[in-house]
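What follows is a set of structures to go through.
Both of the next two complexes hold chain A, though its partner changes from chain B to chain C.
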Partner chain A sequence: MVLILALLLSACSAETDSEEDGDSSATEITLGFYSSGSADEKMKDLIAQFEKEHPDIKVKTQNAPYQQFFQKLDTQIAGGNEPDVWLSDGVFVLKYAERGAARDLTKWIEKDLNKDDYYGLDFNKGPDGKYWGVPQGIQIGALFYNKDMFDAAGVDYPDDTWTWEDLKEAGAKLTIDTSGKKAGESGFDANTVKQYGLTFFNITEGWMPVLKSYGGGVLGEDLRKSIIDSPENKEAVNYIVDGMERGIFTDPADLQAFQSPMSPFPSQTAAMRIGIYARALAANETGVNYDVTVLPKGPDGKRFSPVIANSWVISNNTSDKKAKAAWEWIKYWVSEDNVQKQWAELGEAVPVKKSVANSDLFLNSGDKPQNKQAFLDSFEFAGTLDVNAVWSEWVKQMGDNLNRAFLNEASVDEALETADKEVQKVQDEFYKK
Partner chain B sequence: MKSETNTLINIWTKISTKKKRKGLNSEGKWALLMISPYLLHFIVFIVFTLLASLYFSFSRYDMLSAPEWIGVENYNKLINDPIFWKSLWNTVYFTLLFVPTQTILALILAVALNQQLKGLKLYRFAHFIPVISSWTVVLYVADAIFNPRFGLANDLLVKLGLEPQKWLNDEQLVIPVLVAVAVWKGVGYMMVIFLAGLQNVPEDLYEAAEIEGAGFIGKFRHVTIPLISGTTFLVLVLSTITTFQAFEQIYVMTGNSGDITAAGGPNNASMVLMLYLFQQGFAFLKMGYASAIAWVLFIILFIITLIQVKIQKKWVHYEK
Partner chain C sequence: MQKNPNKKRKVLSYIIITISSLIMLTPFITAALNSLKSYVQYTAIPVEWIPDPVQWENYVEVWKMTDFAQYGWNSLVVTVLSVVGALFSCSLVGYAFARLEFRFKNSLFIMVLGTLMIPPVVMIIPQFIIFKNMGLLDTLVPLWILEWLAQPFGIFLMRQAFLAIPKEYEEAAKLDGCSPLQTYWRIFLPMCKPQLATLTIFTFMAKWNEIMAPVIYLSSQEKFTLPIGVLSMSGAWFGQEQYLVAAALMTLIPILIVFLFTEKFFVKGASSSGLK
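And then the complex of A and B:
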């Protein structure tokens, strides 16, 4: 039996050895990505094109739906058999980087890419100035609004002059209960809203843009210190809680009522949403008559648009030879106009290459929303979600506490004070070591 | 899994004692060879993983970099972690609500469906449907009832002139709602086990009790209850273990679109040990801490089962 075990073990190790050295004529790399449906096919298509142009590189693929992909990836890294290059959700890049699983790409980026040609390279930069990934596509937030609902209520479409207060004022006129009363009218029942002014979900498409444009936020510049308990955040959260109490914004309990918390806008139950670029897909599918504009200003005129740069990351465990081949793939992806165009046609993300994003192909593709320029304009005041290595964990602490305030189970002061302590604890625990 | 382990240990002791006496005879060698695939599986996938998780529970381990030995720090942290205590309490609370409710309801249903009724099979079938349905299906039905906007429960409350509730978003109501759904899903299974037990009660005992002048209640108390006590014990143990492992239901019902970090709310009011373990380990990459939780969970379950087995001797009646 020991013999069998020994045989089995040696067989395993022998396999990895031969894979490592490989054939000297062609380098084989494994590429991991999360995807579904048409994106999956397009990706395989692009990989085939890449192999044709780089006969010395063979690409093996590994893909799965989002949730499974990341669960598997972490276990693969633990076992030392992760893909050589993989697609990471933008919010996870630093998670891999700061735990030593991703390769520092700073030198390669500086040598091979002209930073001015691309959107979002800096969104993967750690506080130490190193680059850990190259964006595959960019998600950036804007304000989606349902034109039919605005027309029916006789409210002017939102534009770049709006503040969050303007949004709430317009939202009140767009909020209707089951008896047809609007928010603010006497007899309006906030418990039986059938059309909301604004649907409000989670961090990216919920509280973060509001907090930031009010001058607040979660982590300071160094991404180590909580700045939650501030007067700016209080003002912002009070603004949100008031909107929820009046029935204009969806609260967490309202959202629970929908099959998916993403659905109020595409299913035409809400007149407005804060949405990243990819949300256009669902809205187009259900045929909503909508457009987008930049997100509203805070009280001091500050704007903020949330950004997630989903990125290619190279494994830190792979050999130099494979890493170089992986880099060829990344370069091919971001710099070839042809690749960028093909990917942009799917409508899943804003193209990384500026020349393609600013071309007719992206801006005037014929699909809604018409004002795609708003997404590009938003880069001027865009920022990440204070992403660091423990992002998921502090978001949970922050979200739980904010939800208590949103559901009236804690005062705003109390919620922010607790969140501040808990989020700081998460940082200290990770960064002290 | 547990019984498999037991059999394995039995076989192993038999083989090893034999060896001491007169070495392994050819029969023993054959036995060893025959079970070697399972033995191999057992060593690689059970013994090895158990030892690994024990080691991790004394380490800081984030899966992405190598584990680092930190002694009892994880266990210290566990003792001072209010969410751990809250999720332990929630698990116990869930169990205390779930196990008696399900057991009593299953027994009542089993007695009712053990009668000679017309269309009996249809009733039994109806109670068994939730058991064979996947959680996803059950949760759709549960949503039709407890949805704060469109649900039947709130409709009913409003019609009765009462305030509508937030159900899963209410810290006080979330566990009772989860228990109600879990009972609905599980009761049919336990009912069938009880039915099997009921049908093993000899008719003549009931006849004898009738001659002694016992009514329905009397027969139930003095004949049925003692004679199915073995079945009741089985149902209790099975139910307790299921609640301590409750995960999928809570993950789906309290999370947002499968977001593991959103599950367990509101304000951790539905955070149970299994969910906390999974979240710490797989969402926050604290595998060492998660391993410590797993070992504490194991010890708790082990103690509870020991207690149940001990008490069993006092009240469970087995026919000799």
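And then the complex of A and C:
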């Protein structure tokens, strides 16, 4: 047994050695990405094209299912064995940056990329102004609405004049209980809703856009101080809780009754949803007759569209030579029109390169939604989800407390007060060092 | 006269068993039905229980979407090597703890039991670094090799089994000229089939369903085991969960087969503890 083990070991280590020393002219980089189902093939295809155009660079890929990918990455970083370049969910970029795992890309970006040509470069900037990643594709929020349901209820389609109050008013006419009564009509039962006005799901596609357009939010500009306990947030949360109580918005308990919290819109149980670009995939799959428009305004006319810029990140741990090769890949990905177009065809994300995003290929691809321009217009008032190094931790605290308010287990005042303390504690624990 | 109440009781217990097994089967039946739906039906609210039309092609689609056969083969290699390793190493170590005399035996055994209390998450990073330095990353070896080093649960199970065997067997074997190793192999092991079957099922299920270790040690897609392969299909954006359910059901089949083959011993193992 020991002998077999020893043999195995020597065989394996010999193999890796020769790989590293063997061919000095070609640089081999490891590229990690999380799987997105059928898009994996396209990714591999693009990597093959890249290798063909860059004969001096060899790319080894590493992929895993979304959730497991990040578990693995954390272990790899701890073990000093992470990929040279990887695809990070936009909300994790700063986590890697502030823990020293990501390489500062500011100089390269300034030298090689014309910033005006791209959407979303700034969404990965830390509070110190450094760039830690380059977007691979962008998710930006808009209002999805089911045309058939609007037609049936005789309500005008939403447009860019809508406020959140308008949305609720229209939503009431689109909310129907099992006996066919609409919200607001006498005898309407908010506990037996079979068609909701708006489906509402956690942070990005739920409370964050509302809070922000009401002038509130979670973290201050330095991204270290909680600003949760504010009158603006109170107003926004009251607005949401009221919508849920009247049965117009889905509350967290309603969502649990569905097979997937994402299903109310594609399954035509909700007339509207706040949705990022990729949500079009599921809606198209079920053949909903829908379109999109920009998200509604807050009471003072302020708008907010949530953005997640999923990005390429280079390891801080890798050699300069490999980092340079990894940068070639990133440059190739964002700047080559051909690459951008091929990826855009999958319909997963808004292209990073403005010229491609504004081309017919993206705007008039024939797939729904028709008004894809709304996603591009939303960049004007787009912002991140107050992402910082401890994003996952504070989102959990904030979400838990808001859910208590949504489910009437706590008053809005109490929920925000507790959330404020708990979120601030998360910040202090990390940034005090 | 006496037969009647007995019969009534039997009927009653059958009714209870039937109802409770139906309750336990519900998730399974729901999954089976879900796997045959289209996405529209899968997400329908209120829930449409019966798929219409029945989409048998979901299963074909799964085979087309992923390298199911390759992942299945990898899973099989890992699982079979693990089961053989666990049976071999745990029974050997368990035998030593139960039947041989050596210094520090009891303290060593307590240490073995103590390791059961270490949460596996704590060990991930050190193990990862060890396997990395051994050059075993992205191979299937880290997934089964640990089972050859005798895991505490198996040791405990086998030790209890060997302890229950009367000393006379051992003495008789000794008189016939058996060495301890021969006694272990010829006399004791055949007497512990139920426990070996139990260990087989537990190891098989744990390894077949394991997700954490494969995710951490494997990088190339062609080396994936079934659980990661199935999850990879889902992607980041959803929209095709019905395929996921179909794939998950397909991965259940080998477990059912193993259970059917070892069930005879398994049931015996569970009941024999009461007889002794």
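In the analysis below, the second predicted complex is superposed on the first by the 411 of 433 C-alpha atoms of A that agree within 3 Å, B and C clash if a C-alpha of one lies under 4 Å from a C-alpha of the other, contacts with A are read in each partner's own complex, and residues count from 1 in each chain.
Quick note on the criterion: a residue touches a chain if its C-beta (ideal position, glycine included) is under 8 Å from a C-beta of that chain, and two chains touch if they have at least 3 such contacts.
Note that the structure is predicted; figures quoted are calculated from it, not measured.
Legend: residue contacts after superposition of the two complexes on their common chain; A:V390 is shown touching chain B, with no touch to chain C.
In the superposed pair of complexes, A:Q62 makes contact with chain C only, with no contact to chain B. By the document's definition of touching, of the two partners only chain C reaches A:N81; chain B does not. Contacts of A:L281 after superposition: chain C is touched, whereas chain B is not reached. When chain A is checked against chain B and against chain C, the one touching more of its residues turns out to be C.
Touch criterion met: A:Q71 reaches chain B and chain C at once.
When both complexes are overlaid on chain A, the residue A:G37 reaches chain C alone and has no touch with chain B. By the touch criterion defined above, A:P266 lies against chain C but remains apart from chain B after alignment on the C-alpha atoms of chain A. The intersection of chain A residues touching chain B with those touching chain C, taken from the two complexes, comprises 1, 5, 67, 71, 75, 78, 257, 260, 262. Note for the complex: chain C touches chain A at residues 34, 39-40, 42-47, 65, 124-125, 128-129, 132, 134-137, 139, 141, 145, 148, 211-212, 215-216, 219-221, 228, 231-241. Against chain B, the residues of chain A that register as touching in their complex are 1, 4-5, 67, 71, 74-75, 77-78, 95-96, 99-101, 191, 202, 252-257, 260-262, 390, 392-393, 395-396, 399-400, 403-404, 407, 409, 433. Listing the residues of chain A that touch chain C in their complex gives 1, 5, 8-9, 12-13, 15-16, 30, 34-40, 60-69, 71-72, 75-76, 78-81, 194, 257-260, 262-264, 266-267, 269, 278-279, 281-282, 285-287, 348. Put simply, chain B touches chain A in their complex at residues 32, 36, 39-40, 43-44, 60, 62-65, 147-150, 164, 166, 168-169, 171, 256-258, 261-262, 265-268, 279, 282-285, 287.
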